[in-house]
Amino acid sequence: MSQPFRITRRVEFGDTDMAGIAHFANFFRWMEVAETDFLEARGLSVAWDEGGERFGFPRVSVACDFSRPVRFRDVMEIAVTVEEVGRKSVRYRFDFSHEGKPVAVGRITAVCCRKTPDRGLESIEIPARVRAKLTGS
Amino acid sequence: MSQPFRITRRVEFGDTDMAGIAHFANFFRWMEVAETDFLEARGLSVAWDEGGERFGFPRVSVACDFSRPVRFRDVMEIAVTVEEVGRKSVRYRFDFSHEGKPVAVGRITAVCCRKTPDRGLESIEIPARVRAKLTGS
Amino acid sequence: MSQPFRITRRVEFGDTDMAGIAHFANFFRWMEVAETDFLEARGLSVAWDEGGERFGFPRVSVACDFSRPVRFRDVMEIAVTVEEVGRKSVRYRFDFSHEGKPVAVGRITAVCCRKTPDRGLESIEIPARVRAKLTGS
Amino acid sequence: MSQPFRITRRVEFGDTDMAGIAHFANFFRWMEVAETDFLEARGLSVAWDEGGERFGFPRVSVACDFSRPVRFRDVMEIAVTVEEVGRKSVRYRFDFSHEGKPVAVGRITAVCCRKTPDRGLESIEIPARVRAKLTGS
């Protein structure tokens, strides 16, 4: 789907572990930051209110493959691509690189949900307005 | 105020940083765990609903002094003491030790608050029922 | 690969997000805790020194599918299964449940590595001693 | 000591807790980011090698007072001031604000240390070169 959306992110001291590299769980926080920026750039959000109801895109499936460690003060580029927009879900791909070399490839599948009165979540079809912005069409 | 309440907590791999020791910010998460356990043991909670309203103990001041580093798989003891119960606030002290040696001393001051309809927080007097349990009287 | 190894883990206040549920990235930290406990129970570690060299099991691929949200003070059971032991890698499966209901299924693939003098990592065959303990044979 | 050094930092989704606000422990990670940026701007680092030895500025005392909650996507300004440079230690002050209003004031006291061969840390006098850059003189 056309040009990936890109952000940069630095590895902070607190992101490292005793192996001297960025701890793997942080990659999911970085994906989330990239997702937030991507949605914002498209005029969307991971959580919003509409017609007195609360909507959002909770994650149902996430994954990450690591190919190269990064260290304190390394600045990564994170490229966001919308891989698939289904009836109720969207799948993002995140390509992490450092100085042009691949570091990791992550994926997040999020499902469009409405908050039910009992604090539960009910999956719904992605509204047309949101879908159009996600696909960039 | 009598006997301290004690829990133990292990340093996990993801709690360490590139210096090979537990990252200092984690001590605040550990204090919070100890606070949760302490309150639970007294039949209290950091956040509760009562009479249709939402109450809680947000932190207004926190601090930690470190005397000895801890490492992956070290099991710390955390002793919780209620240092002071004021009209609206409570101050906890947390003594971290490892194999009998002091590691860190932390403090959290939390203020009793009611959630206002506009998502704000209004400080209130600690209810008598809660105060009695906090002081152990 | 017989009986799964089990630990329990509580959702702490700091593990939650503004949606009122445990933030998804924390599941990877919990998998790591379960992996540490599992390895320890088998007399192994995620990182060790042997013959003057440093060895470890860095993660090369991780994933998690979520089926049910968990909240502050929910106690989860995490069952660890060794799904596959390859020549150089091991894949763990983590089944998260709460009150008997499935919450999430996670996977970590870790590759046996030797630290090289230049701070790099070189994948190696899993030593026979380690393999025997991983497979429980 | 002259003009404070300033950075901005956004509250991410994963930084929030079930109270709908940024979790208090994150302020210490943000202070660390601001400290890293400040040191970098002065040509310094929190950890460095010199003459075959490893030096660093581990934290011995940290604190934070909170005056106003911040929420998802709020962009804070963090102003760093060097409050005091002692013989062996430096104390930073961090003023967090959002839209011109104070959010929190944090402090970190870090002690200059040399790593000893047994993985320990020994406090040392701040080298003249480092001191000159810290004080901006």
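Lettered A, B, C and D in written order, each chain numbered from 1.
What we mean here is this: a contact is a pair of C-beta atoms (placed from the backbone, for glycine too) under 8 Å apart; a residue touches a chain by one contact, two chains touch by 3 or more.
Remember, predicted model here, so these are calculated numbers, not experimental data.
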Next on the checklist: Relative to chain C, which chain's C-alpha centre is the most remote?
Outcome noted: D
Checklist entry - Pick the pair with more C-beta contacts: B-C or A-C? => result A-C
Item to check | CA centroid of chain A to CA centroid of chain B, Å | outcome: 32
Checklist outcome for this item: chain B and chain C have mean C-alpha positions lying a whole-number Å distance apart equal to 28
Next on the checklist: Measuring centre to centre with CA averages, how many angstrom lie between chain A and chain C?
Outcome noted: 23
Checklist entry - Do you know which chain C residues sit against two or more other chains? => result 13-14, 18, 20-21, 25, 29, 32, 47, 72
Checklist entry - Mapping chain-to-chain touches, which pattern fits: line, ring, star, complete or other? => result complete
Item to check | chain C-facing residues of chain B, complex | outcome: 12-14, 29, 32-33, 36, 40, 46-47, 72-73
Checklist entry - Can you list the chain B residues touching chain D in their complex? => result 18-21, 24-26, 28-29, 32, 47, 56, 58-67, 69, 119, 121
Next on the checklist: Touching residues of chain A toward chain B in the complex: what are they?
Outcome noted: 13-14, 16-18, 20-21, 23, 25, 71-72
